[in-house]
Amino acid sequence: MTIKILITGGTFDKEYRELTGELFFRNTHVPNMLELGRAKIDVKIRTLMLIDSLEMTDNHRKIILEKCRNAKENKIIITHGTDTMAETAKFLGQNIENKTIILTGAMIPYTFGSSDGLFNLGSALAFAQSLPRGVYVAMNGKYFYWHNVRKNKETGVFEESLKN
Amino acid sequence: MTIKILITGGTFDKEYRELTGELFFRNTHVPNMLELGRAKIDVKIRTLMLIDSLEMTDNHRKIILEKCRNAKENKIIITHGTDTMAETAKFLGQNIENKTIILTGAMIPYTFGSSDGLFNLGSALAFAQSLPRGVYVAMNGKYFYWHNVRKNKETGVFEESLKN
Amino acid sequence: MTIKILITGGTFDKEYRELTGELFFRNTHVPNMLELGRAKIDVKIRTLMLIDSLEMTDNHRKIILEKCRNAKENKIIITHGTDTMAETAKFLGQNIENKTIILTGAMIPYTFGSSDGLFNLGSALAFAQSLPRGVYVAMNGKYFYWHNVRKNKETGVFEESLKN
Amino acid sequence: MTIKILITGGTFDKEYRELTGELFFRNTHVPNMLELGRAKIDVKIRTLMLIDSLEMTDNHRKIILEKCRNAKENKIIITHGTDTMAETAKFLGQNIENKTIILTGAMIPYTFGSSDGLFNLGSALAFAQSLPRGVYVAMNGKYFYWHNVRKNKETGVFEESLKN
């Protein structure tokens, strides 16, 4: 079994540019994170884009959908900025059904030391192996169905969006 | 849903005693790790012991079994040293069937900065939520059934123990 | 002997605000850094301001000068953003002569894990104890006289500004 | 001006061997530390030995003395375990007078993330540039003369050994 990991950017992969004090993207840190986690599972990592999720357009989402559809693997992890992660999950959930797709990200860049990214990547890999087909968000140690998730903008925490 | 986390020690929770240069146990770091991972899932953490898994005896394992049986929760994570994690998994697997029990640990202490512990804890929490009843080891980004796992002493990597 | 440490902000003390992805100031990290360094020297820490050094005005510099003049201590460290550190050094050097004043800072925030801040603070404390009266910049493992220092904007490295 | 850095081992350079849980030496981390500190001063690094300072013998100390005497540089830093750092300082102080020699070390290995090593290296480099000829210990943010220093075994802190 191989898990495909599609990289789209987000806080996860941001770095600090010391000459200007800005955050920017260079490369994904997912391979380093898997090494640190001593992960021995087969993965194929492909960087689709490296963008802030506030900049993610419908065109970007169509590219992601197409890559999910065309992947030989039926277990896919997508790293994604948290701001619009729920929107991308919704778009994918409405358009693809035969694969287990897990979106995850981070609130703090991996390179900043105190990141939640390593924890989230570990949980995303586990959910990809054990959840049935469907599209999910894996954040805050939980998983959420694509049709029932939002980021609480005030707390930064993911929660169910449907009233109970 | 609440996940019970039983602490038994292992490399996971070791610290460096700077006056003597020895490794020792003080308290578990699991609450800090859950905070760093921004985990929002309900957990109950209980420290059963803080020992190196090379010192784990049958009596220790009976205590762990009893705590698993008596727990109200049916999803349980056990942090454990890696050296005898497979043995404890075997003992539990032969004696308890109606709960999802995940053993996990780390190759590097959490306090040493470059630990695999946060990654493993993230995956253990996810497996506890999504795997069916049974006893499992969650290491190296994978899960293993209790009856088919060993630690490769030369590489430090967990692998299936049964011939394919 | 007591060393006064005046905090003005700069990259040194910046943190990452995870809800917005911006850098901001909360409190100085110098006490934590001194604890990590196991520093046992008497210090008095006073936060004058917490600003990016690009925002530092003549008024700010006059406040710093006044605090240096009024300090009972004659060994003073000033933490400062790197962009205008040389300018503040110049202003102080032209206006105060009877104390050893060391300006230092960092290229990477202390909270980001891979910071040069701890190294720079260690060197600034040492220079404060051992250099004669005067105003200096301590960066890149070196010290520079106030009248002969600039930050190279392309490399981010401090260097002598006078032709040899 | 070039500063010679002689490596002898000590906690500074210890690493964690994850297969056995022991501490061991591989290589010195001083070059990485200087890079992290963005140090731009000319240094020549030479590893003389990589040992725990409890294992340091008179023969080892003679080797260190000889390397100090033969060095072209007259500013020398020696990284050294803390347990017998004061003894080596004494031996060097009694036998060499025409150079500035700074012994430093760490209470926590550099690779463990929360080390005092980077702070100590920064202060040692600064003291090497600014103190007059003599042999010193640089620890806890202070410098000590070779004839008046000991490690307090109960607190792990360096202090003056002569009664005031």
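Structural remarks
Per-chain residue numbering starts at 1, and chain names A, B, C and D are given in the order in which the chains are listed.
Quick note on the criterion: contacts are C-beta pairs under 8 Å (C-beta built on N, C-alpha and C of every residue); 3 or more make two chains touch, one makes a residue touch a chain.
Quantities reported herein were computed from a predicted structural model and do not represent experimental measurements.
With centres defined by CA atoms alone, the chain at the far end from chain C is B. Annotation: 45 Å between the Cα-based centres of chain B and chain C.
Taking each chain's centre as the average of its CA atoms, chain B and chain D sit 39 Å apart.
Inter-chain centre distance (chain C to chain D, centres taken as mean C-alpha positions): 26 Å. Within chain B, the positions touching two or more other chains are listed as 107, 114, 156.
Of all possible chain pairs, the ones that touch are A-B, A-C, B-D, C-D.
Those residues of chain D that touch chain C in the complex are listed here as 33-34, 36-41, 107, 114-116, 118-127, 129-131, 138-143, 156-158. Every residue of chain B that touches chain D in the complex is listed here, in rising order: 11, 14, 16, 18-19, 21, 23, 52, 107-109, 111-114, 153-154, 156.
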